[in-house]
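Presented sequentially are two complexes of subunit A, the first with subunit B as partner and the second with subunit C.
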Partner chain A sequence: MTVRAVRFPRLRGGLTPWLFLLPALLIFAAFKFVPAVRAIEMSFHEVRPYLGDRWVGTDNYGTVLSDADFGAAVWHTVVLAVGQTAGSILLGLVLALLLEGTARHLWFIRTAVFLPTVVAVAVVAEVWRILYFPGAEGILNSVFGWFGLGPSDFLNSRDSSLSSIMAVGIWRGAPYDMMIILAGLAGVDRSLYEASAIDGAGRWRRLWHVTFPGLRPVFVILLTLAAIRGLRVFTEVFLLTNGDPQGSTEVLMTLIYKLGLERHDLGTAAAGSIVLLLATVTLTLAVRARRKVGTT
Partner chain B sequence: MTRTTALVVTAVLAGGLVACSGSAAEVPQDENARLDIWTRRPPGDPSEQVSKDLAKAFTKKTGIPTKVTAIFDDFETKLQQAASQKDLPDIVINDTAQLGTLVDQGIVREVDPGEVSRTKDISDKAWDATKAFDGKHYAVPFSAQAFALFIRSDWRKAVGAEVPKTWDDLDALAKKFTKDDPDGNGEDDTYGWVVPGSTKRGYASWYLSSFLWSSGADYFSGSGTKLAPAIDSPEAAATLSWFQKSFCDKTVVPGSETAETAAAHPYFDSGTGGMYLTGPYNMARFDEAVGEGKVEVVPLPAGPGGEATALAEGENTYLMAGSANEAGQLKFAEFAASPAGQKIGMNGDENGSIVRLPINTTVDMAAERKDERWQTFNDIYTDASRYVPTVPDWTPFLQSSAKTFNAVASDCEADPESELEALAKDFATELESQRAGG
Partner chain C sequence: MRQFDTALGFAGSRHPLLRPLRWLVYLLLVAVFGGPLLALMVSAFSPVASPTSLTLWPEHVTMDNFARAVDRGVLGYLLNSFIVVGFGLLLQIAVSVSAAYALSRKKFPGLRLVYLLILSTMMLPEEILAIPLSVVLADVPVVHVNLVGTLAGMIIPVAAWGFSILVMAEFMREIPIELEEAARIDGAGEFRILTTIVLPLCRPALGVIGIFGFVMIWDQYMLPLLVAQDSAQFTLPLALRTLRSDPEVGLGVLLAASLLALLPSVLAFLAMQRQFMKGLTSGAVKG
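Entry: the complex of A and B
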């Protein structure tokens, strides 16, 4: 009796967490781990879904890495990721500082501001294509016209296409960042504001010396999420320009899509995906390492 | 509790194993097995219903059950997924231009035209579009079409112009449509050309091919396995310069550099652009959008030094590999190409036709359709059209040429000649890797 009473809880103690994890693990295995392993396998093969794959060694990696478009796509992806991340955090911060509080109308405005994030990307892209119509009679160009500017080609010139996509990304990403920053702001100890006010700190010094340090963990999370999201940017680019014009908005994911699903060269596309995966993992680890250095 | 979990785990694993098994080898045949038919149509579109009507008539005639699935977006991707699961549909009705890719993947069966009933009734030109690089046929023809120029006739009359007969006429009309306020609304909001100039699915090259051929240019020279790039010819450079100029002169609807067909059609619908080289499937749509009698269809005029040649396309009935009812597959393809099948597919003058031009020479199109513009398309297809070049896999050529054409169109500083020279080098490499270069 006593033996049982001792052994049973210990066994259960070991198994219980795994039992709770099992459903998630099974789903992850089916939809993430198995496909990821398959992608690694595919990257070393000429993939022929019906006839059977052919081993090609590292040829696919050679094709991807020596492709002139690949280098350009990496550059566009990095520019887009950095621009969208910085823009979204900055705009999100401004919005959060403006809309912090418990008043009822603020709640309403916050919900309205959050809308771009929850609307389907396909709809967002369609709306922005209309706003960006590059003729002088286009909606945004008409607005520019009031100030004697434009008309701009927006998505349709290689000089402005990437920044136009970036603007859509910021418009869509900022409210999301705003929500996380709002949550962070609520966690900043109110007594610190009072103490600094008593010490004679003005609005800006309170922001700089109390609010921002209090938000540091929030910024780390936002940066990590944005770095990963930024490298995998696809839908906005695919729907707005598909890498055009002149390849000026080609990013890694649109390039991989073209290789795999338009040219049916799934092996090379898989190799491209693995390179992207390695880059994402490296970047995430780097951010984490920095975070550890920062906290110790 | 644990037992249930174990059961769930077992079930999931077993499901996974079942999904992974299956083989492309011999499949036991059953002459009454249901035929799964995939067709590249937007779900909910009238053409989906016409496809179902066709299958229903086939079932009524032969007793073989069918199931029609309409898929439009990412059709080829979904087909690849089905291929990797070794669970292909029995029949696929899809573009003629997909032939090389399907053959390359080994997912379509060879067809001997001699075995197809009343094979002589099917036009030779349509049979040509079922022939792969190896000279063998891999489908039965189903529908044909060629491209023609759609013009807003009310606009043309408003600016006092004749139907264009030369490329100079085209330029003049495009300028008038852009500058002379053809819709009379007092605003500067109209343009000459509607162009799907995106690289998506190779649209820029797909669109420009008719213009290239009409000016005497070509993608390749030679034939069979002795092909050489010809895309860097002076004629091709002149055509691309002309294309670039229409963008830089702003006679093309702005935004066309990134427009695929789904984005381009609405420019014609909404009265933004007045000329559009496209296929007959847009007639019903455009009539509805801008009003009947306001859209005329004329052949693309010959370019400088060339003969008028429009891109021919169409759809084939592909018999997919691994079917449990191979006899039924052939019967369906035969029925779809027969006068009865073709008439259902044509759907008269109504929207939703899936047979644009009948490939069966015994079908009298004029008896089925009152709209005379169909006859214009028929004449162009028969006398002045050609399919894309026969190479093992056309897609890489289509993509790389679309990229070059898009680049030149969206940059007034770009030099067409040097861009085409670079493209010719890409073509040479690709021809070699497809073992088609001489």
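Entry: the complex of A and C
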């Protein structure tokens, strides 16, 4: 393949890198940085289309921080984030330990187990809405029936709605965590297993004293990624329950979405976004700082 | 020492019950994680009446669901999805390669700042920015274009993605500088060096960002939700919700549409699995 020489006019070396960076920087500026700045600006205003925005100081933040709906949404978001993170990592660890190895059949099983992570969230949500059909004739309830467990209302009841969403998150998240943990397991020194076995350590002690310490950095990464993803959870909840029944699954992002795009209270919605953004940034930086301290 | 191949070290164990037990566990895992998706795919080909009749073994195979899905405009949604993922991915790869080239192979004042800026975009996801993003999409700064109601509104914002720029830059850094210097002595310009020297060596990294970009754009939900004004701009994932709540349409159409929405990313993943796994770990370690 011959590529015709497209010669840029020989600018002085100082400009060339900026030319190559320009497309990325322009797009980021328009769709990341400008919206971030607009969010800050809007959060201090009562946003009135056609009438002009009115400065309201920190009123929007006051609303966000004192509103009962927001309080409940924060709680649901945290519960969901913590539950999904812990569940995915634990299940992912079990999966990784069970499916570690180089045999061809293991590779095949790992692929099958990994599929939920690749499938679009929207499809996952629709599948689970069907599986979660309430009443004894529902698919998952039929499976429960084999074990003599009573039919659950899943997404339709206040008591089980949030944990039902959590289960979907774990189902989709655990295979991802499994893959990262498998990569971590590959990095654990095999000779340490051997040495500890010679010293008389059993399978469980070996796991506890050799494998888990070797996996520590992996766990830190997974915790960060999952916590950040958990805070901005939207699509699953939007499609599974959209906050219902009776607000029992309302998370921050579904509430902000409703406030901003359905009730057109853009100022308060923006204030909510900023609070969420600050939480995300703080969390990321905190873990990064800890990681740096930990590795040196 | 075969016995210590894995953390659990079961490979060397000879207990007679262990083999069948392991296969039982494997079967259970595949059923739990693959089963629902398989049931969805199979049921799309079976006559479906109620939301409780997902099946792994249809009584007879029919294409009815797909025919009715086509009546409901699924091909249009699919086309929208393909347009968005096609153009979005092409732009994303071009933008990533270009930015990564500057980040990894040039030294210039401000390099660290740009690097940090790109890293920080990963902390500004569409979800959190949804409200101001919807305002910006309706009136893009400086050029004052309204992207709401256009497919371009779903394509242009995904053209720059921090993850693929950083993965690409990381990879390009490993390419020896001598190759480039030789070309430069021969009189090759920057663009030519990038396309004929650096890019061909980046094939593995292109695979990684290609597959991740594909899955990421196909999975987009918030952005299309903000941009689409009516069903003419719906992507397939976005349309599922409408198809589900359409009272005249049974579950069959939803199943057929879901199958179509699921297939491309799964096929892309299966085709480029090795690259995907490589990217998964490199992305996570750097993330």
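We take it that the second predicted complex is superposed on the first by the 253 of 296 C-alpha atoms of A that agree within 3 Å, B and C clash if a C-alpha of one lies under 4 Å from a C-alpha of the other, contacts with A are read in each partner's own complex, and residues count from 1 in each chain.
Just so it is clear, contacts are C-beta pairs under 8 Å (C-beta built on N, C-alpha and C of every residue); 3 or more make two chains touch, one makes a residue touch a chain.
Predicted model only: the values in this text are computed from it and were never measured.
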Please tell me, clash or fit, for subunit B and subunit C sharing subunit A in the overlay.
clash
Quick check for you: in the superposed arrangement, does A:200 touch first (subunit B), second (subunit C), both or neither?
neither
Between subunit B and subunit C, whom does A:148 touch in the aligned arrangement: first, second, both, or neither?
neither
In the superposed arrangement, which partner chain does A:262 touch: subunit B (first), subunit C (second), both, or neither?
first
Dominant toucher of subunit A (residue count), subunit B or subunit C:
C
Quick one: classify A:221 as touching subunit B (first), subunit C (second), both or neither.
second
Just to be sure I read the superposition right, which of the two partners does A:57 touch: subunit B = first, subunit C = second, or both, or neither?
neither
Tell me which partner A:211 touches in the superposition: subunit B (first), subunit C (second), both or neither.
second
Considering only touches as defined above, state whether A:137 meets subunit B (first), subunit C (second), both or neither.
both
For A:157, select first, second, both or neither according to whether it touches subunit B, subunit C, the two together, or no partner.
first
Contact-wise, after the overlay, does A:243 reach subunit B, subunit C, both or neither (first, second, both, neither)?
first
Set of subunit A residues, in rising order, touched by both subunit B and subunit C:
19, 30, 129, 133, 137-138, 261, 266
Touching subunit A in the complex: which residues of subunit C?
1, 3-9, 11, 25-26, 29-30, 32-34, 36-37, 39-40, 51-52, 54, 94-96, 98-99, 101-103, 106, 108-109, 111, 114, 117-118, 121, 123-125, 127-136, 140-142, 156-157, 159-160, 165, 188-192, 194-196, 215, 218-219, 221-222, 226, 237-238, 240-241, 244, 251, 254, 258, 261-262, 265-266, 269-270, 273, 277, 280-281, 284-285, 287
Quick check: in the complex, which residue numbers of subunit B touch subunit A?
2, 5, 9, 12, 16, 24, 74, 76-77, 80-81, 83-84, 86, 88, 101, 104-107, 187-189, 191, 197-202, 253-258, 260, 263, 321-322, 395-396, 399, 403, 406-407, 409-411, 414
Given the complex, residues on subunit A that touch subunit B span 19, 22, 26, 30, 48-51, 129, 132-138, 153, 155-158, 161, 240-247, 258, 261-264, 266
Subunit A residues within the subunit C interface of the complex
3, 5-8, 10, 13-14, 16-21, 23-25, 27-36, 38-39, 42, 95, 97-102, 105, 109, 111-116, 118-123, 126-131, 133, 137-139, 142, 171, 175-176, 179-180, 183, 185, 188, 190, 193-194, 197, 203, 206-207, 210-211, 221-222, 224-225, 228, 232, 234-235, 238-239, 253, 256-257, 260-261, 266, 269-270, 273, 276-277, 280-281, 284
